[in-house]
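Chain IDs A, B, C, D, E and F follow the sequence of writing; residue 1 opens each chain.
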């Protein structure tokens, strides 16, 4: 927390911007925010130009001085400048995976190279060897909120799913292992386009209007058409897996899973999403609830952390 | 109904085929069907070859003689030959629209030529001028069962929807008339691939695994990419209209309508499907129910035809 | 926005009224509102009488002076007087249709006179020629919130539906055009009683306890009984149309549509309600969202206005 | 079961009627039915006139002779005559309450006379003193299938509900006892018109198109208007109770219960319907299931009768 | 409301506790609450120890002085001490039934002694004669919010249900009266463990993780096992009643009711819960709505109190 | 298929039993069945005693002779004797797992011994070392129909789930591996009591009235109470896992999963049930559908086996 009368220079997001009347004329009242929380700012000499240029959700560099007001502090803004995407560090605003994304990517490449089916391997190698794809893939989260909602989340989600899929392919030996692995690796690629990571994670226009399922099929289709002699049957099965991976119509798949591999893909996806989302909820600093997490809206429940005291007693007898 | 001892030669569909034991050895018991209804057939000298070749749902040419059995007649099959798609007339098995499909197509061409937006008109002209497209489009039904479930049904569905859409564009003047018309004309083109019309209407493999929404977007996307300079914004809006035209996720759209034109497309589609389906139910020969249709499963209700007697009385006072 | 120290006299609605303690004794803290927004007011010399007389949701004439407080302004109330319905202009608080209601009514009369069926025409003429009916009908909105939620909205809703219904009667020639038109014209008459327009649109007691469907059937029944020899069959069909026009039980119809005219009425009603509601959402001043409307709660989605920049680019190639 | 070669004369319902071909020409194959079960009949000399006159669901007097056929018996019809409603006894086909309906009606009159509120008592006395009403009320079932689906069922349903309602009025002393009793007595009167009891229980046309809730409100409204000075508030509350007694929109009430009396009416109605329906299911002769009833479709479950052996053991220790 | 400069000593709950910065250093800003409402408190000399000891939801004894701030009053805290459960009176924070719980318990004992079946009577006597059980049973509410959400609520809920059940056993004579009574008396005993009454009603850990249905079956099972020779059939039926008393899976019963007594238990439970909940909503002081209660969230509706004016007019004619 | 005039002696189940009239008096018409399918039987000299003794669903030893009738064969029963459970081999009627159950059990013992937590290991060892438990556990299916619906199915279901759970415990390192394994091993133990395997798989009385979730908790609770010093916290968590493993209330869990281990248990259970059910559907002999399975009712879909021809073509390019 900044001290009184301290001069500050910070890069923050504009959360609100309102014109207010004071006895000395109109001024702009700001609410800024970054990971540390919100900050109130007043700008006593606003110009029309600044009002036009600086909008809610913009990232700005603000300079000014902290002053006390009604027992709290607020920032008296001296200057405010809008920054473009290259002028600030996105990780200042959006959380980042706790794993090194390069390591995760390496694991994925290992799995790709383990694929026997030449058509599938060629397809996957084509995708994962593309440097531009890699950059945007590793930046992507797996969801706007809920599970893996951080930079690198998509890669982690896919890696964890492959580990589960490999085990499933051992347990259910009738399954086409390579097809299942391919389905896992490509099922969410539409999210790279659906979600934009600026100073927050949000939907792109095409993300909202078409959705990641459609965008993913389009992406994959283009890749498959680029490979001469890519088998029609395989095309059909892979597209079906992307289309159906949400499992039911109510959850946004236009088609339900109708192959054993598509069924497995859906259940593995669901398992990983729910497990990771629950772990993220458990991971949040224990607030006033202690043994329980706060209410988790997307699960419509509290999650039990356990009772440390009772737990300790449990261990005693061992 | 064929008479006793009559020699018959008919082209029918194999509805069932079962091996049965008789005191004289094994024989094949058939159930054949065509528009006139079912026909029982017995084949006393079956061969392995015929059993392999003739399968349920095949169209066959059967020759034989009608003989009485337990008070009814059955066909004693002398010869049975499987026919391929070109050897029989599909309209012998599948109902056909009561309107001339060429007239309907002409109306659609007229609407296409009324489009002002050059990009849209070029797109539509490209599609509708294609002779192969025309052939398969005019053969397609709009659904397997329920509404417009006959040859030419898709064209009729689309034509009726354009009439409603033109009125809607007058009533709601803020609407982009050309975009709405385009949406109506292309929204169900995926059905040409989704449904196969052989001796019955059924789903194709890709129809079941991908669905007409996905197939429609793919079809349109290919057409739009083939037009140099086709605007990105228009592409986005048209794809969104196809994707969302079922209105809700539960009904198979992966995305809900989010433009006014997509909203209208959905409601007009729904109106025409339900109205035509209801009219088809009313149109069936009145059986033992008279004032009411038989129970209409897809609507989960009976439809009231009206009481002719009371109706007559109504007219008297006029 | 009123200036400091300005003397004001305004007619506003009481949005909140609370007793507060100050170091100088108890006072009344008001929140007033009109179309321009909220206004804070303090009344330093409250009387028991005024507290009893002036209640939340009342319309009042307030006089007083604007004074600065904590950087903003508030109204120091000098006098406050409750007004009855005739002492203020309802359109000061409730939005009004952008169309002239007399023109809309004229269009409706034209449609009434086009009806061939004498029983139906007599019924409709009886209703629409009644001056008292006309007055309350033209004041009525079509809904409390969502679509046509303004004075004159009901008439506009019915007029737009007749335009769609006339087209539907052309497309589906088996339909009884006069019956369909009659259904459209009377289906929502219960809303005249269900909704009260005072300084806001709200439900009447009978509106909440009986609902507009029941009220509408009662209204119509009385009219039909007043016509000697009105046919029983027609009575039955018209009542059925009102009862079933919400389409499903979940949406408040005790009976689902079971005639083709009742089916069409429902789908046309739905189409117009959703289309107009969406257009109203699009019509709101574009706030911080630009290409998208704000979140539309009743549709559970954002509506896409389009991207002006991309749109412009689309037009270039033409 | 009739014996072979026995001459029979019976009054039965026509369940099916089909033309069949035999080596001796066309004949009519009938399926008749009454409480004793189905009976097959053949009519070797059918006339066009008889085919026109005798329809499925008609009650007919048939004379003929029982003859063996394929190891079973069938009736060779000599004559068949259609009967009108007065020529046969409805109780031959439709089950009848096990209680004397006059006794039940007497109990209801006793409850009516216990009502203190003069307006309510006058209303109820007017209804229940009407001889024509009494006749049709006592004949009515409370439902087509499920609970109280027999002649006299409606009266029994209402009587049982009043007993529960009187107790509820003691337990919840804030409740308006007379209003609750009135609601119970009139809530289902629309069923008298909704259901027709001929040789079976079925919906009337107005029953299907308007439903018993609407018909009940109309019936009551007419009665209330006939009483000079019947209070508006009471009218509103009673109509609301009929309208809302199904409890939710999904179950066919256009309005949910919004008074404590309407709430109680709904829950008491539900309790009695489910309890009686369950008792009827338990009452059916124990078939092959013994401890359990057969599957009860309307409850989607089996009902447990109990294990007589285990039960006996339970009693031993006492 | 405390006056300015008044010295106060109160026992209240800590609703919020936040560190704030002021120009004089950090302080603790409290929100306290009791039945009279919220109270703001500032603690200028906070210690680490107090911050650790006093948590949100704790009950504390606070001493201090009321001082004016921005036109309102706040408590300047001089000392704050956390109290344990025995140091304060729970009824200061949680509402209490308006009936004497000893009287209610007496009524329940009377019903227990009326049971004929010796096994059942022995079971119930064993439970209700237990002093520790009695104490916790009489303290328990029947729900956290909604119906009977006050101390003594569970006992009242059970007593009212027995009155209804006794009537039901008269109306449906096939029912096992003693079994039904037993079911009513034990169905919610799991709530004694599920809900904790401290300074508020909340779920216990086992209440959340196991639920009152499971806890109730466990409690009963232990009691039944303690009775030598308790019949297996009766055990099965009683456990089934507890398990199924919510009526459907969606409402938390793992099994639906499959005996007539379990069916009745469910419907009687539902009736009493909804009736009492509605009466509680009606009982709240009439606020700005007058004829209607405020919106009742758990019923998703307003409840109509009636129109006193219209009501009065109703009574006139009598 | 038995030949004509062949003398047969078979052990079969009675599927139907009906009295019929013939010209030679009453006889019993049977429908028998075993794995080979149905068989019609006639018993010309039935006795009252046999009618009483032999019931539908009984297993009987029948002797008799095959005779032709209407072109088919039927069994003329000479003697029929009811068998008790020990007199026939259950595997003659109920399918058996394709895996050796002893091998599967061995794998489970290996997993038990890998558990570190002493309390958990002691609990599991106690259960799995019990010979009587082993016998009934290895006989149990995992469901009446759908997945693992064969003898040994439960053991296989649990074994496959442990393999998936071990992988999940590697992927989600925060998870308590021993607790998760324990949950998997015990979650369905209630099915041993819920399902009875006689000549078919069916529910026991307690299975229907209490359900396997309740029965499972009871079973486990007894085991845990038998271990001195078994920790309360662990008890709570394990019971919670059994109670919540169906994931949602609608699927029969009275409580939703609220620990990460309970969440994982549910998703792994679901994955294995759906995967195995789908594989069983795929495994059925390909009938007339070829590329597709027959309609799978419990999944409400067809499952795609793939197109062998297209598949072959896919492999060519490799």
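One rule holds for everything that comes next: contacts are C-beta pairs under 8 Å (C-beta built on N, C-alpha and C of every residue); 3 or more make two chains touch, one makes a residue touch a chain.
The model shown is predicted, which means the values in this text are computed figures rather than measured ones.
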Determine the set of chains touching chain A that also touch chain D.
-> B, C, E, F
Listing by label each chain that touches chain B and chain E gives A, C, D, F
Comparing contact pairs by residue number, the option in E-F, D-E or B-C matching A-B for over half of them is E-F
So how far apart, in whole Å, are chain C and chain D when each is placed at the average of its C-alpha atoms?
-> 43
In whole angstrom, the CA-centroid distance of chain C from chain F equals 60
Inter-chain centre distance, chain C versus chain E - centres from mean C-alpha coordinates, in Å | 42
Two or more other chains in contact with one residue: find those residues in chain C.
-> 205, 208-209, 236-237, 240, 258, 302, 304, 307
Identify every two-chain combination in which the chains touch.
-> A-B, A-C, A-E, A-F, B-C, B-D, B-F, C-D, C-E, D-E, D-F, E-F
Going by the contact rule at the top, pick out the chain B residues touching chain D in the complex.
-> 1, 4, 68, 71-73, 288, 291-292, 302, 304, 307
Give every residue of chain A touching chain B within the complex, in rising order.
-> 205-206, 208-211, 213-214, 217-218, 221, 236-237, 239-240, 243, 249-255, 258
Inside the complex, what are the residues of chain D that reach chain B?
-> 20-23, 55-57, 205, 208-209
Which positions of chain A touch chain F when the two form their complex?
-> 117-119, 160, 163-164, 167-168, 170-172, 174, 229, 231-234, 237, 240, 256, 258-260, 263-264, 267-268, 270-272, 274-276, 278-279, 282, 300-304, 306-307, 310-311, 313-315, 317-318
